[in-house]
Structure formats: C-alpha cells, structure tokens
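Listed next: structures, encoded as structure tokens.
Both of the next two complexes hold subunit A, though its partner changes from subunit B to subunit C.
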Partner chain A sequence: MKKILTFIGKWLLIFLVASVAIFLLVRMMPTSPVNQWLSSYNLPHTEENIAYVTERMGLDKPLIVQYLSWMGNFLRGDWGYSLVTHLSIKDQFIQRLPYSVSIGVFGILIAAAVSFFLGYKAALRPGGFADRFSSALAIFAQSLPSFILSVFVIYFFSVQFKVMKFFTGSGAYALITAILITALYQIGSLSRVVASAFREEMGKSYVRFSVSRGFSKQYVLFHHAWRPVFCRLVSAVIADFAWVFGGSTVLEFAFAIPGISYFLVDSMTASDYTVLQTYILVVVIWMFIVHLVLNVVLNIVDVRRRK
Partner chain B sequence: MKKRLLFALLIAIAAMLALAGCGGASSSGGKGGNVTIGVTNMIDKIDPTDGGDPWSITSDGISETIYMQNKDGELVSHLADDIKMNQDGTWTLTLKDGVKFSDGSAVDAKAVADCMNEIMKKNENAQASAGVIEFTAKDDKTLTLKPERKTTVMKSILCEWTNVIYKKDGDNYVFTGPYKVKSLEGGSKLELEPNQYYDDNASKRPNVTLKCFKDTSSMQTAFESGEIDMAFTITAEMAKDLQNKGHTVNNFDAGYQYFAMVNTANGALKDAKVREAVNEAIDRDAMVKSLQGGRVANGFFAQYYSFAGNVEEKFNADDAKAKLAEAGYKDTDGDKYLDKDGKPLTIKIATYSYRPDLPVIAQLAVSDLDKIGIKAETSIEDNIDDYAAEKKYDLIFYAQHTAPTGEPAYALNMFFRSDGSKNTMGYSDKSIDAKLDELGKMEVGSERDELAKTIQSDVQKGMPVMYLIDPEWHIAVSDKLKDYKPYCGDYYIVNPELGL
Partner chain C sequence: MSKKRIVYFVIFILFVAFLLFAPRGNILQTDVLNTFAGSSAAHPLGTDNIGRDVYSLILEGGVRTLEVVFLATAISFFVGTTLGMISAFSGKTVSSVIQFVADFTLIVPSFIVAMVFSALFGFSPILAGVVFGIGNMGDYVNQAYHLSLVLKKQAFIDAEKVVGLGRVRILVFHVVPNIYRQLLVFLGNKAGNVVVQYSGLAFIGLGTDITNPDWGTLLYQYRSYLFSHPTLVIYPALAITAVTVFFHFMFDNRDAEREAVTIYD
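Here is the complex of A and B:
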C-alpha cells in the first residue's frame, strides 16, 4: 500500500512540476498567444484588439488564477482550441494519437519479443550467428538514420518493384512498415541487454547446479532464468516508451502518416502554444500509464518485488 | 540456426508482399476515373467563414467566389450575369439562371445575400477593400450591394478569397464549385467527387483525392511510384531530376511575384545610392536560370496582366561599384569588403522557407553582393511578417500574389501607401499616395492600367522594393494530366478543367 501511495505521489509531483514549468514557459515566449491568435485571423495588433483578446483568454488575471483555471479545464477534458486551426485540441489528439501510439507501442513490443529470443540465442553461443547479428543490428541502428532506411524501403517496394502503395489506399502499408522499422531500430540494443542478462544468470549457482545435475543449459536458461532477464528487458523498454510520441516524427514525415508528431511539428512551426502545452501534459500522463502498467507486469513476474 | 533465421526473413517478406496484394486498391471512381494530387498544405476543416479556410476550399475546387480569374487573368463568373454601378454608389448584381449548389438547390439572390452578409460579419478580412458591404435580395435573381466605402472595383472585391458562396446544410456547408467533399481527414487527405450540378461536363470529371505531404522528397517518390498523378508544386531541382528520369514537368505562371522589401528608414540601405547599387548588382538572369523558369520582373505584377509594369531592371556590377564609391564606401583595410567611417558595409537578407525558391535566390544575391564588396548574409525566419513588422531588417526576400483579384490597387495600396498595412519599409511619398487615391476612383480600363504602370515606375525610383522575379512554378504530372496547367498560382489547384 505504501509503495502504491509513493508511486502515485511521485507522479502527481512530476505532473505538477511539468505543468507549472510549461505554464510559465509559454508566458516567457517572445510571441504571446494573444499576438498569435490575432495573426491567425489576420487581425491588426492594435491596443484595443490586444486588450480584448487578452481579457477573452483570461490572461489579464493573476497567474495563479490562470494556472488553476487551465488545469481545471484540462482535468475536466476541456483542452481548449488550437490557435491556428481553431479546432478542439482534444479531438485532434484523439484523431492522431492512434497512429503514433501504434507505431511506437507495436514497434517496441515486436522489438522486445524478437530481442528476447535473439538475446537468448546470442547468450547460448557467444560469437555465434545470433550474437554477431544482434551486434550488427545495434551498430546499424546507430549509424544509419531511420529516414534514409525509410526512403530506401519506399523506393525499393514502391518505385522500383511497385508492389506496395505507401501513400494512397488505406495507409496500412505505411503504418505496418513504420512499425517494422521502429522495431528494427530497437532490436539490436534490446537483444544485447537480453544477452548480457542471460550470461549473468548463466554464472549463477542455481544454473550451474541444474546443469551439473544433467539439465541442458538451454532448458535451464529458458525455463528458470527467464524471469530476471525479462525484468531487465522490461526496465530497458520503459525508457524507450518515452519517445513513442516524438520518436515517430521522422517516420510519420517519410510515410505521410497523419500522427501526433505531424501535428506537433506544424504547431511548433506556427508557435501554437495551446497545443504545445497540452502535448507536454499528455506525454507526462502517457509515461505515468507506461510506468504503472510495466510496474504491474514486473510485480507479477518478479516475486521479490512483491515483498 | 541460419536456416531458421532465413526462413523467418522469407516469411516476413512474404507477409509484406501478401499485404501488398490484398489491400490498398484504388476505388473504381466515377466515369472520369481517379486523380490523386500531392500537395504540401491542407485544410483541417471546412468553414467558409473562418480564417484562411475559404481560400483553401476554393483552391481545392469546392467553392467559388462570385467572380474568379480565368487563365488570362480576366474576371469571369459562373454565378453572375452582370454587375453594374448605380449613381448612388450602390451596385446591382444579376445572377445567372439555373445555377445550383452541389445539393441541387438553386443559387438565388436570398442564398447569396445570406452567406455574403454572414461573411462580412464574421471575417474581418472581407471588409478590407470597401468596408462592410450590405447585400439585399431584390428578387430571385437580383441583389443590391451597398458598400460602406465607395468603390469602382466591385467585381474584384467579389473575387477576393474571403467571399465564397455557400449554403448551410445543418452543421455542414454546400458550395458551388466543380467538386464536392466526399471525405476529409483534416490536414492529411481530402476526397472529392464531381458536383453533378456544376455544368454539362460534370460526368466527365474524375474523382479527385488530395494527399498532403510534409516532406517533398516523399511527394516526389509517391509521384515516381505512380501513386499520385500530380505533385503540386515541386522545386527546380526536383523538376530537373524528374525530367531527366523521363517524367512530364509542366511550368506555369505563378502569378506570385518575388521581390525584395527594402528598409529605407534604417541601416545601410537608407542611402538611396546604396539601394541603387544593390539593385544593379543583383543578377536576375542567373536567378531565372537557377529556378529553371520564369522571367526577370518588370514591375509588381505578373506579365500577363494588362496593368503589368514596364520597368527594366539592369544588371551592371561595375556601375554598382561606382555608385558605392559615390556613396563614400571604400575598401580601406584590404579585406575586399567596403567600409565607411570605420564601419563595414554589411547587409542582412532575411527570407522564409515556405517558398523554397526564396532561399535559393537570396543565396545568389549574397554571392552577387560579395562581388561588389558588400558582406551579405541570409537568415531564414519562422514568421516573416512578424519579423518585418519589427523593421530591423535590411532586405527581405518575399513572395506575394500581387493581383489575386485581377486588379492592381489592392497590392499597391498595401505596400506603397504611406500607411499601407504591409509597408514596413519606411516608405512614404505624397505623390504616390495621391496617385493611389486617383487609382481608387478610376473605373476599370486602359487609363487605370496606365496609371498602375506609372505608379510601378515611380515607386522604383524610391525603391521600397526591388522587383526581382516573375516566377514560373513547376508541377510533375502523369500522362493522365500531361496537358493540365493550373493558373493564378496556387489559387485554383483543382480547376474545372482538371482531367477533362
């Protein structure tokens, strides 16, 4: 119970600090939301107009009142309207999040699943094919930008062989390919984490004892050493989930997928602060959910954490 | 082990190929087939009274203004028979018989009055030229238009992008353009189908899909793969690349003008001699060559307009050097750059990336200025209009469609009148203001055109702007659209002739 309360308290504090920081940052920007709003309607920045819009946006009130009003609206689900498109920000997020979340979440889950088995094989035979392949993948991910690979994939399958349509039709190919590329860029590093964890377990007495009693190394590792390795993998994956939103930007651009990054870059270009501050809060909530779910998973898998 | 991995790889490739075979087939479309257009910007919603939406929906072939430009820059109407000025300064507009909205209902005087009065109320941009215009239906076909400020160019005002004709249908809108909306994924994809009530060619028109690409390389790849039939627009480099690969690239008059706004109030360019020197040092022919099309500007308007200027811009680097010497600039420290009173002659050229041609020609200008001893540098600004409003620049390379309504007064007033809304150049000339007043009172015709030409020539003497390029833009088109040429820049990307 104490752990649950500590966990919730920690995240409430993160949410509070992040919300205050972004709230103040917006007000320190060189272009004010009022000017931005007037520009979006091509209205002159006269004193009367500025005063009217400032009052209408509630920016003439004390900062604490503005903050409480903004947070209250956010928690009630009223995320306001974009300064540029004048559309509901919540609706825009709901429409676009499935694309970005699918690319990030499925990409990472596929990468985790493949990495577990690739790392397992790499640990069993150091210097073997799986070991060298996973190392090569890790180097590949660091040296070749995903945008270049995307262009190559599009050119190869779409222009050269004309077997896929990435930009028209249902958009399924673009989404699936983006997920696979996301996975590919994670497999190398995650499989190295898994291989290292399995090797660590191989040196432990319970593994050596079981092997000396006649069980095969493969059997012991796969049936008894998987829990601590899985926990290490989950811990590594948590960090990857942080970039689910922003990390898919390059792929969304290359495959013209209308995800949240697509929307975010447009908002940054137009200094659409209402969207940007909402985005930060949504990322904090997302990371809270990721930590919550993965902590539950770790508690189920790792008996020691329950004590 | 290797065999297993190889097997897994083969399964993955087979799955991809299977996916390729089972989905994404294009719909069969109407009798005119399907046309897919790649664009770099797209509307998020359809609201003809909000912000820039009316401009976009007209550009996409959904809505129309009462008067529109044809490919020769003349004002024509699909909706109106005639418009006449009355003695009291009001106007009488007569609608055509049989014109319908895309839902089949008649475009009558009441419908026009209702939507135009709502636009005048909700969109302040609609009031820019003549104040609020009151529309009153006299009978089914006739309306009286009463402008707040007297005007002689009502046709042009009715061509302004804000003034689209629409009718509310519950929460949706119906329009009069050659196409109607089938579906919209805001900012990403817009599917259109022919408006069967538009004209006799409706059944021959294709279904049109507009797909938005934020990355122009992806748009080029989509074109090369055959997924899109037109890429609107592409850069000069892409045009060259695609032509080399055997694709069709069409050039068309942009209508936009590329010019340099000059800060005449502050900095080195406050000196008229320096302005003249910089203007002469810019090699505009090299810019045209680099952009793979267009022509040297001869004024503030595209050459096909009857009021286009007849200014002749000359490139003469030696003369430019002589003028700088006259202005007192010398290379005193032998670093090849000129200075005066111990201060180097530096010029900052700001521009923006939304028009990819601008950074290219700005870079060429830097090179030209370097040759006459001026140290110049470029910067790309996120919000060029805010930057201009600060009035701290030397030169801003800018693009603007200077005659979107087929008449010159709007842009000339905006940039060259002493208190013009886009006159951030510190330019003020009473004789120009008087000529602009006169222009506002004159009726459309050759005399008015001549005065517009005179203003362009006179303005060139004070040089608040340097006329640079009357550009052509490039589009890549498939065989299906090889004869298609848009007109009026990006104002009518989807026009009634698309696919016919």
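Here is the complex of A and C:
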C-alpha cells in the first residue's frame, strides 16, 4: 500500500515539475504567441490589436493564474486550439497517438520477445553464434544511428527496387518498417541483459542442484529460472523506454509517419507553442502509463516484490 | 592503465588534434560550377550539391560533435557521480530529493527535451551538450549511489569517521578512487549514445539551417543523393559510426564481464 502511494506521489510530482518547467520555458521563448496569432490571420501588429489579443488569450494575467487555468482546462479535456492552423489540439493528438504508441509498444514487445530467446541461446553457449550475434547487434545499434539505416532502407526498397511505398498510399509500410527498426535497435542490448541474467541464475544453487539431479539445463532454465530473468528484462525495458521514445521521434520524422512527434516538429517549425505544452504533458502521461503497466507486470511475476 | 588503454588514448588525442587543427577551407564557400566533384587535391572528399568542400564540412561537424560529447559526458559524469555519492552519504531528505532528480532525468526522454530546447532557443552544440549531460545524469547518480552505499558499510570508512576526517575529504580521497573505474565503463557507452543522439537531433533539424555542418544535418541534406552520389551520404555516416565504435572499444572491458560459471561449460 505504501509503495503504491509513493508511486502515485512520485508521478504527481513529476507531472507537476514537468508542467511548470514547460510552462515557464514557452514564456521565455523569443517569439510571442500574440504576434504569431495575428500573423496567422494576416492582421496588422498594431498596439491595439496586440493589447486586445493579449487580453483575450489571458496573457495579461499573473503567471500563476495562467498556469492554473491552463492546467484546469487540460485536466477537463479542453486542450485549446492551434495558433497556426486553428484546429483542436486534442483531436490532432487523438488522431496521431496510435502511430506513436504502436511504434513504441510493438517495437519494444517484438524486441523483448526476440531478445529473451536470443539471450537464452547466448547464455547456453557462451562464445557461440547467439552470443556473438547479440554482441554484434548491440554494438551495431550503438554505433549506426537509426535514421541512417532508415535512409538506406527507404532508398533501397522504395527508390531502387520499388517494392514498397513509404510516402504514398496507406503508410502501412512506413509504420511496419519503423516498428521493425525500433525492435532491431533494442534487441542487441536487451538480449545481453537476458544472457547475463541467465548466466547469473546458472550460478545459483537451485539451478545447480536441479542440473546435478539430472534435469537438463534447458529444462531447468526454461521452467524455473525464467522468472528472475524475465524481471530483469522488464526492468531493462522500463529503463530503456525514454530512449525508445526519443528514437521513435527520429523514425517518425525519417518515414514521415503522422505521429505526435512529427506533429511537434511540424508545429515547432511554425513556432506554434500551444502544441508544445500539450505534447510534453502527453509524453509524461504516456511514460506514466508505461511505468504503471510494467510495474504491475513485475509485481505479478516477481513474488518477492509483493512482500 | 593497461597498454591497450594507452594506445586508445593516444589515438583519441591525435584524432581530436586533427579535428581541431587540420587545415580546412571555408565551409560557407559555395561553387555552383563545381558541384558533385570527385576527390581531388583541392577537395579531398569532393564537393556537395552546392559545391561546398565536404572534407571541411565533415571536420567542422566533427568539432561540433566533440563539443557536445565533451560537455555532455563531463556534466553527467561529474555532476552525476557527485550527486550519487552525496545521496549515499547524507540524510533521508537530501537523499530522496537527489533520487527524485535522478528518476526525473531518467523518465523524461532527453532527446525530446533537447528537441524542445533547440526549437525554442535555436540549435547549438552547447545547449545540446548541456541537455544531454543533464538527461543522461540519472544512470551515473544511481550507479555512484549503489557503489558508495557498499563502501559506506566498510570498516575503513567508519575508521575515518572516528578519526574525524571531514565528509568532503572522505568522499574525494577515499570514495572516488574506489568507484571511478566502474563509472568509466559507463562513460564509453554514454559517449557513443550522445554522438548518435546529437546527430539524430541535427537530422530532424529544428532550429538549425544548412550553414551548421553537423553530421546529422549533412545526412539530411544529402539523403536524396544516395544513388546518384553515394559518397556524400557515406562520408558523414562513416564519421558517426567510426566515432561511436571507437568510444565503445576505448572504454570496453569485456574481460571483466565474462566470468566462467563452473559446472556447465
């Protein structure tokens, strides 16, 4: 119970800190939203106009009042309208979230599944194929940025061989390729985590006892030692998730997938600050959901944590 | 330091010196009569789509990348380690505040933060370095915290406290020498990550323009010439990969990692 309360308290604090930080940041921005708004309607930047719009946007009120009204509206589901396109920001996010979420979630799920087996093979035979392959993949993922790979993939499959259409049609190819690249970039490091966790379990007395009694090590590892290893894998996924999210931003951009990060890049090029504020809050909420779900999974699998 | 370390270190110094001091042309100089030129004495790596010297652009991009890497690793290493040690050696309030900061930096994607900052205040290596430095700090804090916690329980630290040594002195002269090795391994990994992150940021290119010759920016500009002029894409890609692979092997200690487990193999 106490753990749940600390968890919730910590996330409320994170939400608060993040929202205050982004709120103050956009107010330190060199371009003013008022001028932005006037420009978007082709209105002259006269003093009366500026004063009128400032008042209408509520930007003349004290910062704390502005913050509270923004937070209140956000929590009530009123996320405001874009300064440039004048579309509802909430609708835009709801349309685009599925893309970003599926790149992150499916990418990491595929990576976790593959790396569990790859790590298992690597632990069984150190120096064997799986061991070398996963090490090589880990170094590869660290050294070749995913956008370079995307550029190569796009031009080989789309321009040279013309087997896939990334920028026209339904965009399904782009999404699937982005998911696969996200997975590919996680498999290396995650399978190293799994391999070293399996090696650690192999040194423990319960595994050695079972192997001495004549059970095959494959059987023991798969039927008994999987729990602690799985927990290590989930912890690694939790730690990697912020990184995955940053990585998927680059992929969304490279493949022009209409996800929320691409939306952010688009809006920032037009310096549309309303989207930015909402984006940060959505990212924090999204990270909260990921952490919540994975911690629940950890608690279900790891009996020791529940006490 | 082992022999291998010294060799890597010397190579690294030479590489940095080369990036900083090698003679190069003006990166802003365009030459529309001489676009997509091949390698020649005047342009060792040829020229790009607007006739700029690719060799100079790559060198300049390398300097910018190194700025980011140095700044980011220095901030996360020094600040992170210090905070981690302080957290291990101080009371509950300070400790939980530091832990919260560490968690916060781990949870909020630093790439996104860097993107937001460069969109708001313009793209610069200094800003990116500071953001990545703070964003990658969390791992160092946690690592230093756990390592110092183990040390704290040992007798020699107790003895020093009894003798009356100050806290700062214990931390600097007796804790740091015992934990820095493990933290350095981390540094290699993270330095490579920073190069990748920074090039990704430049590839997206919020707040930057083509006069900033970052490797990521170059890749973004040249990506459509992959088949007509493949070297334009290959040079910056090779530069990024070479630097990250080098960082990986410079701080790698695979021998320590691989320990035999008795009865199986």
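FYI, the second predicted complex is superposed on the first by the 303 of 307 C-alpha atoms of A that agree within 3 Å, B and C clash if a C-alpha of one lies under 4 Å from a C-alpha of the other, contacts with A are read in each partner's own complex, and residues count from 1 in each chain.
The criterion applied here is as follows: contacts are C-beta pairs under 8 Å (C-beta built on N, C-alpha and C of every residue); 3 or more make two chains touch, one makes a residue touch a chain.
Worth saying up front: this structure is predicted, and the values here are computed from it rather than measured.
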Now for A:291: first (subunit B), second (subunit C), both, or neither, which partner does it touch? second
Which holds for A:145: it touches subunit B only (first), subunit C only (second), both, or neither? second
Considering only the touch criterion stated at the top, classify A:18 as touching first (subunit B), second (subunit C), both, or neither. second
Return first, second, both or neither, reflecting whether A:211 touches subunit B, subunit C, both chains, or no partner chain. second
Based on the superposed arrangement, let me know which partner A:130 touches: subunit B (first), subunit C (second), both, or neither? first
Tell me which partner A:243 touches in the superposition: subunit B (first), subunit C (second), both or neither. second
Please work out whether A:165 is in contact with subunit B alone, subunit C alone, both, or neither, and reply first, second, both or neither. first
Which superposed partner A:280 touches (first subunit B, second subunit C, both, neither): second
Which superposed partner A:74 touches (first subunit B, second subunit C, both, neither): neither
Footprint intersection on subunit A (subunit B / subunit C) at 151, 155, 159, 253-254, 265, 269, 271
Note: in the complex, subunit A contacts subunit C through residues 10, 13-14, 17-18, 22, 25-26, 28-30, 126, 139, 142-148, 151-152, 155, 159-160, 196, 199, 202-203, 208, 211-212, 217, 239, 242-243, 245-247, 249-250, 253-254, 261, 264-265, 268-269, 271, 276, 280, 283-284, 287, 291
Under the touch definition given earlier, write down the residues of subunit C that touch subunit A in their complex. 100, 103-104, 106-112, 115-117, 119-121, 189, 192-193, 196-197, 199-200, 203-204, 206, 216, 219, 223, 226-227, 233, 237, 240-241, 244-245, 248, 257-258, 261-265
Under the stated contact criterion, what part of subunit A meets subunit B in this complex? 31, 35, 39-44, 85-87, 92, 95, 121, 128-130, 133, 151, 154-155, 157-159, 162-170, 172-173, 176-177, 180, 253-256, 258, 262-263, 265-266, 269, 271
Subunit B residues within the subunit A interface of the complex: 1-2, 5, 12, 16-17, 19-20, 23-26, 36, 38, 44-45, 50-52, 124-125, 185-189, 209, 211-215, 217-218, 221-222, 224-228, 382-383, 385-386, 421
